[in-house]
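Below are two complexes that have chain A in common, paired first with chain B and then with chain C.
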Partner chain A sequence: MNFFNTIRNYSTRYLSGSRARPIVFAPLPPKRDGEHVMSFLQNKLLAKYDPTGQRRKLAETLRAGDMIKVTYGDKSTAFGRIIAIKRGHNNVGHNILMRNKIGGLGVEVRVPLFNPTIKNIEVMHKPEKYLSRRKHFYIRNTKHDVGNIEDFLTRERIAKNQSN
Partner chain B sequence: MIYLKTLLNVIDNSGAQVVECIKVLRHSPKNFAKIGDEITVVVKEAKPLSASITGQSANNRVKRRDICRAVVVRTKAPLRRPDGSTVRFDDNACVLINKNGDPLGTRVSSVVAKELRDLKYSKIATLAPKTF
Partner chain C sequence: MFTRSIGVQNTLKCMEARRFVAQLTSIHAIPSTRTQPSQINHSVASTNERKSLLNRPGLLGIKKGMITWFMENGEQHAATVIEIDNCEVVANKTVDSDGYWSVLLGQIDKFKNIAPNDLKKFEEAGVSPKRHIAEFRVRDESGLIPPGTEIKADYFAVGQMVDVIGTTKGKGFAGPMKRWGFAGLPATHGVSKAHRSHGAMGGNQDPGRVLPGKKMAGRMGGKSCTVFNNQVLYANGDEGILIVKGQIPGPNKSFVKIRDAVKLYGKSLLKINQELM
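After this line comes the complex of A and B, so read on.
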């Protein structure tokens, strides 16, 4: 708005003199109802990739230490324990870093949360007591390291069935 | 990121256990090998030859100081997939191959990256117990 004020000041100064009056235009109406261009675009992308808001809600409940199962459109699945969640500020930049062990070898995958090829993200297990810190990079190759998540989940399911 | 002097685990039954990269093939000199890239390696550690091994695997057995070709199947450096996800493994590993791209061994012992299936190394991907 400062810009228009300066123009107006100029015009009054010109008026006081004997020179010709400059042309002053009315300010243009603000684009997108005054919304900032980045937030406008990000909201548009979020509406496109997460129309129901379900993924955004899920991201709020997830925490490093949870075990999740990611199902893709081609029905392939990936299990893992979350070791970090990168959160964007109201944008599609969220991603989840999860770790698993397959045959004793650690494998990590960083999954973009709003990836359209992902069909479902399911929370399989939440620990009673979480490790400290938001990001668990320090668990790699220590006693806190993850085991085979699939084996763990099957064992847990069997134990639950037996107790019932 | 596999380049000159990188040590890799060998996950097939060719007899080699640890190899050292001596050349990244078909890349500009400053570049490095990723999953699915071919490299030339020298065998640093190998399982001792024993009389009990017979058949095809005995013919393709490699010894220490042998020079062969290999394809990278796992890297510690994250590999970016077209959908924006990245994959990283806890070690650098390769499978020894001949000049036609066929594996020297008859077995692959642990997990390999999914990318090999779409390249000309689909045989390695099918031999592996699991792809990730």
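After this line comes the complex of A and C, so read on.
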């Protein structure tokens, strides 16, 4: 069985002296070249789920107030305005909380940034002036609340075409 | 040696009671029988037979932290990372010497402050001195592993279930609401300075005392705890990493024992013998 490693350097003496002391065997070589388990694992997972580093770069540029379009693996899409970003420290635990209003009802979706089922995240709109605070939980059901994001984006696109 | 002359005694009693009654004893009557020696249930041997055990020992590890784990279908789970660092067999216990079969394992090499007696044990096993030593009982002799063998994280297969044994985080002296989940007393309606206390402690004159085991305030946490049936998500022997689904007891950097799920894979010798029959 491969998990039994019986190859050991038994001849190595860690302690030696004139008096008869018990032999202490040399330690086994360090695993992962001595790197800490968590950092080793997180780097490995980031390389697996974000090989180009694109998502990590995106996470740095995103901010609460931006409007995004998320494309899933089954080509379904979801629009929303970011109200909070949960950032991990060099790990795959990042996620984005985005809010939209569909049929007058507030809908919130949490988007795991490094989940392999998410194909693309596109920034659709960045406001000229941001609301204060990193997390916009306070906008819910106030005058700052989001409208229908898809309608807003189509109106914006039409206005842009007309001005051109 | 186990002869019981019950038949004879009964016959004598009958004769005494009916001394003056004419009686014939059949020539086919059995005056005495030889019975099987009865098995003593409250003994080490039969306890070992009844105990549900695994056919191989587990592993020792260090809890390192929790991460997000994505399954192939996109499901997202919280998972715990356990480091398996130089986990080696130190000794075996046998029925002849100790009354049961078990494997003693050690983990993490340690070179300072080791008692001479301990050093001798490690020298016999042919391993470096270890920081932690723990024992795993196995069902029979076939579960023993020769001392000096290193066991790696891929000892466990991905997808199998494991139990993780650890010591929970100490919470200090905790009240009944935190320790036992009591509801506490109302906020108003005349309650004074007792909003987080327990209510009644039991009957009054009868039984006239608080029954043993009453849930009260006291030291919480810092006790051994086992989580059963955690799925193995990742196991890599060369990296020394084992990832299990869900939570395990204790803080990061704490010592844990991992074994095959005893509720799924454990069996007693008695049950095996019954199945064979």
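Everything that follows uses one rule, which is that the second predicted complex is superposed on the first by the 142 of 164 C-alpha atoms of A that agree within 3 Å, B and C clash if a C-alpha of one lies under 4 Å from a C-alpha of the other, contacts with A are read in each partner's own complex, and residues count from 1 in each chain.
By definition in this document, a residue touches a chain if its C-beta (ideal position, glycine included) is under 8 Å from a C-beta of that chain, and two chains touch if they have at least 3 such contacts.
Because the structure is a prediction, the values reported are computed rather than measured.
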**Message:** Applying the document's definition of touch, where does A:49 land relative to chain B and chain C: first, second, both, or neither?
**Reply:** second
**Message:** After the superposition on A, what does A:130 contact: first (chain B), second (chain C), both or neither?
**Reply:** neither
**Asked** Looking at chain A, which partner touches more of its residues: chain C or chain B?
**Response** C
**Message:** On the A-aligned overlay, A:28 touches which partner chain: chain B = first, chain C = second, or both, or neither?
**Reply:** second
**Message:** Let me test your reading of the model: by the given contact rule, A:102 touches which partner, first (chain B), second (chain C), both or neither?
**Reply:** first
**Message:** According to the stated criteria, A:117 is in contact with first (chain B), second (chain C), both, or neither; which is it?
**Reply:** both
**Message:** For A:138 in the superposed arrangement: first (chain B), second (chain C), both or neither?
**Reply:** neither
**Item:** chain B and chain C contact sites that coincide on chain A, given as residue numbers
**Value:** 112, 115, 117
**Complete:** chain C contacts chain A in the complex at 64-65, 67-68, 70, 74, 76, 81, 83, 85-86, 109, 111, 116, 119-120, 122-123, 126-129, 145, 148-155, 237-241
**Prompt:** Residues of chain A touching chain C in their complex?
**Reply:** 2-6, 8, 10, 14, 21-28, 31-32, 37-38, 40-42, 45, 49, 73, 88, 91-93, 112, 114-117
**Request:** Spell out the residues on chain B that touch chain A in their complex, using ranges where they run on.
**Result:** 74, 78, 83-91, 110-111, 129-130, 132
**Residue numbers on chain A that touch chain B, as the complex places them** = 78, 95, 102-112, 115, 117, 140-141
